[in-house]
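Here chain A shows up in two complexes: once beside chain B, once beside chain C.
This part shows the complex of A and B:
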């Protein structure tokens, strides 16, 4: 540390090269921590549970053949055939899947004559087994019963019934105590609906929708010419079951299977853009870190080559190899820390702008501190080899002609 | 130095830079080393100043066999007991005069007060105390060499090795530097000066000549005076 004061004075004298390096480090830090924060935000977003047991689950979108009066019979036949397949745990008709990018939502009113709704909610329709079959977690109230279930030939939910809602929506219905939402009546499409129970979660169809966590589950089986079956297979049986389901459904003449996707595929598709932008941000960060590390290495290497005689003089005047190495490490530490302090302020400012204009979460302090530590270590590692080379400069170089 | 020699060996060739020689220099002597370019003067100075290792023979400095010293010990020895004055001054351009002189003292772990006293005393001795905050580029060549001498004497070395100390100076400035070196020598510091200038060499008490790597004692002013 005894070289610190002269190093600082020399850097002030030299100005341009240290300034450029400081600028590079501060910009890298500013971009890196904000990008890391964005990546983390996206990861959090993407890892939100849908509420459905996604493992070993898939859905199939197909058609119910024949005239509409036969839809119910065909549906029952399909369900019976699918449930009979070896490896199938459960099968439910379901009018949409969480994160499926296709779905329904309804405006929910507290009273029939209210001008403004409580909010919009995602809408799911299935049979009374939906909680068990989709692996939902009932956390308050009662489960649906057979007596609650209705079959709708019109393909809508305009039927008065007992419903389940998600906890997120219960918090809107009863802000003081979400549990108190049980038993309350709410109105959708001018129809009263009694809240029978609350499930922990069941996300809506659109991952970026503000109301993705607020959903309503109706015990209404919508029977139309197209139908979705949600299937859960025994562990490890997913592929076989999907193959079998395909075969069994295609045994019916006129059957068209429009789509068959695992819930894993549904999630990947839903977050495709987020995944891509996360990867892009990671690439930018890696690129920036690589460029900065290369910049520090190159500058240090150039500095050592340019100052060989000076290093030789230092050695001649009594600096040990270790002292020469420490000199370069310390010099870089001063430059890096200056860049990091400036970068810290810049990162905070950028984060504030992002929070203000794009609603992002401000970069947390641990991110800033760990980012500083990481970049500092990277800088020191980058300079270590040139510093080692500097320490190997022979003192005799001091007497060679300039 | 007994039977001391230096050879540079590469994969193809062995170059004998210094033929084996014996030389003893006592404390407080002023010795000039002269010879034409490429004769081995600087090699001799590098070996004598512990900047380079010799290939064979025995070199005892202040009673210590230098071949048994580690690199770190040699660094410490150079720092404490040896001062260097280089032909190109070798001042650090980014540091002012004060910090240039301070540099070797910092390696020696002197406290701030002692360093300050030594720096100011050395600057006064070379007549540049009023310019301690100037940078080397703001000085003339002669002044820069004075700073280099101040840097060499600030640590109170036993011996100063001067490599062509007036080589880059005009005759007037050179004369000033030689006077300064003589004054330093008069205070008891051994000076070993490599030069190609016969006139300046004559100012030393002893002259050692190196030609084609062969070292020989040419004359001694004291001997001449006695004769």
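This part shows the complex of A and C:
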């Protein structure tokens, strides 16, 4: 440690080169910590449960053959033939899928003439099989029954029915105790709806929507010229079932299958932007770390080369190899720590800026601390080889003329 | 003199290959990352129609009734009701005015043995084509009579013409949409508008729809595809019939208008306000009178079309570039330190300090230029990677234009010289005597 004073003195004498390194380390730290925070925020966002048994589920978007008087009959025919397929657990019509990027929402009112709604909720219309079909977890109240289901020919959501809501929305309806929401009546599009049960989760259509976790399931089948069937297959049967469903549907003349997507594909598509920017951030971080360690290595090598004679002299005067090596490691430690302290402040202010302009959460302290530790270790590793080279300088070099 | 300095720079680069290589690579990495993210951001936020985007406006009126609370009271949806859209279209103040909607339907060439495919169809009015100066390969857009008679005509994109008619001149041929036959009146040439501001927000970076047909025909055929438009109704329709839907307070149609100058804009604004007052007299528009003409640029920024991630990525990449340059600056110090002898010799035989500064600057400019060239290559790789990552966006977003290429090279040269300033000044301040002694 007695080397510390001469090291600091030397750094002050050098000025520019150590200053550059300090600046570089602090910028690297600032960017890296904030990027890591952004990545973990994304991970959190993506790991929220959709509420659906994603592994075994898929949907198919297809047409119902007209004229419109025949829609309902065609729907029943489709459902019957799909349910008969081996390996199919449940099939329901469903107007949209969680995270499907297309869907409906409704404003929910506590009373008919309220000025302000409780909030907006995602809207799903299906039949009484929906809980079993999606693999939802009913945690309060009762499941829908056949007698609850109605059929609507338009998207006008003004049919009074018994509904299911998600726990997240139940907490808004009944803030003191979400269980109390069961049995209450709420109003959507001026129509009373009785809450029959509460499911743990079923996400809305848009992953970035503030109300993505609050959804309402209506036992109302919307019949239109296009229809979406949601299918849950027996575990491990997904591929076969998809093929079979395709075949069975195509038996109807005039059938067009617009889209067939597994829930896993839906999820991938929904979070594509997030995944992409995470990857982008990771590559920026890797690039930064590479550049910084290259910089530390280069500088150390340069300074070892320049100080060869000094090192030789020290060795000749009795310094051990270890002492010389320690000198360079310590020098790097001083530079790194200075850079990290500056970087700490810079990272906090950048995180503040991001929080203000882009609504990101500020970087938590453990991130800052572990980031500091990681960069410090990286610095020591980068400097270790040049330091080792320094320790191998022959003491005899001191005796040679320059 | 300049070419002599370039020659000296090349010699110097060759003398310290590792150092020079590191410098070039650092600049290239920084430039590559910055330009990759910048290109995507630049392409996303570019002006879709530079020649007239200042004159193109989204026509927005607030038709919501009493007792409707919207906490975001200043914003009105860019869609309007059918009755309002039809009334506003009657105005001849705008040079061009087009309604925008969309449907999805099955499409097939009835003359070919072929299965039907589902396609998205843009439904609009005659003015759409001249307003956006859409290029035609064959024929042209339909005219206003086709709109008023709800004629069964379609315009195809070049790709659609290739798909359904093998790329031949298909004017006058029939195309089957759903159960009906439509006559092809026009085929577009290659046409891309980025961002595709006139349609749905979530599809602004995709290709235009394959087929265009008159909006009036869509209405008369009663084809509606709710998943392609934003419908919001503050009051449900009277009943389930199409007539009730059209008469309802549901907003679902966009209108874009071209107003050539401020005078026209004011005239049109006045027209809208008068219209709203009329409607108020008839018991609609109880909420308030609020009509807006929103220019393309404003529309894109209000609808937050460029993702924030992409802006953040540019900033992070720029910081990365700075780290690379700081690093490079350290290497420049090392490099010029080794050149003290050469500098001393040149000074001794008569070169002034300015000469030395010029020589070293040229050397760094050469390094910067080579770094820029490699940076461009890296950026191309980066853009290929981005195209794969963001495969749902249009790939033309991931291409540099000539301006960006030149700007990249200029940026690389300038920043290397700027960051080299201190090392250069330091190196040029060499003491003659001390250096000459050791030679």
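The definition used in the following text is that the second predicted complex is superposed on the first by the 400 of 402 C-alpha atoms of A that agree within 3 Å, B and C clash if a C-alpha of one lies under 4 Å from a C-alpha of the other, contacts with A are read in each partner's own complex, and residues count from 1 in each chain.
Assume contacts are C-beta pairs under 8 Å (C-beta built on N, C-alpha and C of every residue); 3 or more make two chains touch, one makes a residue touch a chain.
All values derive from a computational prediction rather than experimental measurement.
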Which partner reaches more residues of chain A (counting touched residues only), chain B or chain C: C
Which superposed partner A:44 touches (first chain B, second chain C, both, neither): neither
Which of chain B and chain C A:247 touches, first, second, both or neither: neither
Chain B versus chain C as contact partner of A:399, first or second or both or neither: first
Contacts of A:70 with chain B and chain C, given as first, second, both or neither: neither
Partner chain(s) touched by A:83 [first = chain B, second = chain C, both, neither]: neither
Common ground on chain A, meaning residues reached by chain C in one complex and by chain B in the other: 402
Residues of chain C that touch chain A when the two form their complex: 22, 26, 29-30, 33, 37, 67, 69, 104, 106, 116-118, 202, 225-227, 231, 233, 236-237, 240, 245, 307-313, 316-317, 319-320, 322-324, 326-327, 329-331, 333-334, 337, 386, 389-392, 422, 426, 438
Residue ranges of chain A touching chain B (in the complex, touch as defined): 2-3, 5-6, 9-10, 13-14, 309-310, 313-323, 394-396, 398-402
Residue ranges of chain B touching chain A (in the complex, touch as defined): 42, 45-46, 49-52, 71-72, 75-76, 78-80, 84, 86-88, 90, 92, 94-96, 99, 102-104, 106-109, 135, 151, 163
Parts of chain A lying in touch with chain C, wherever the complex brings them together: 16-17, 20-21, 23-24, 27-28, 30-31, 34-35, 38, 63, 101-102, 115-117, 152-158, 189-190, 224, 226, 256, 258, 269, 272-277, 279-281, 283-284, 287-288, 291-292, 294-295, 298-299, 302, 306, 354, 358, 402
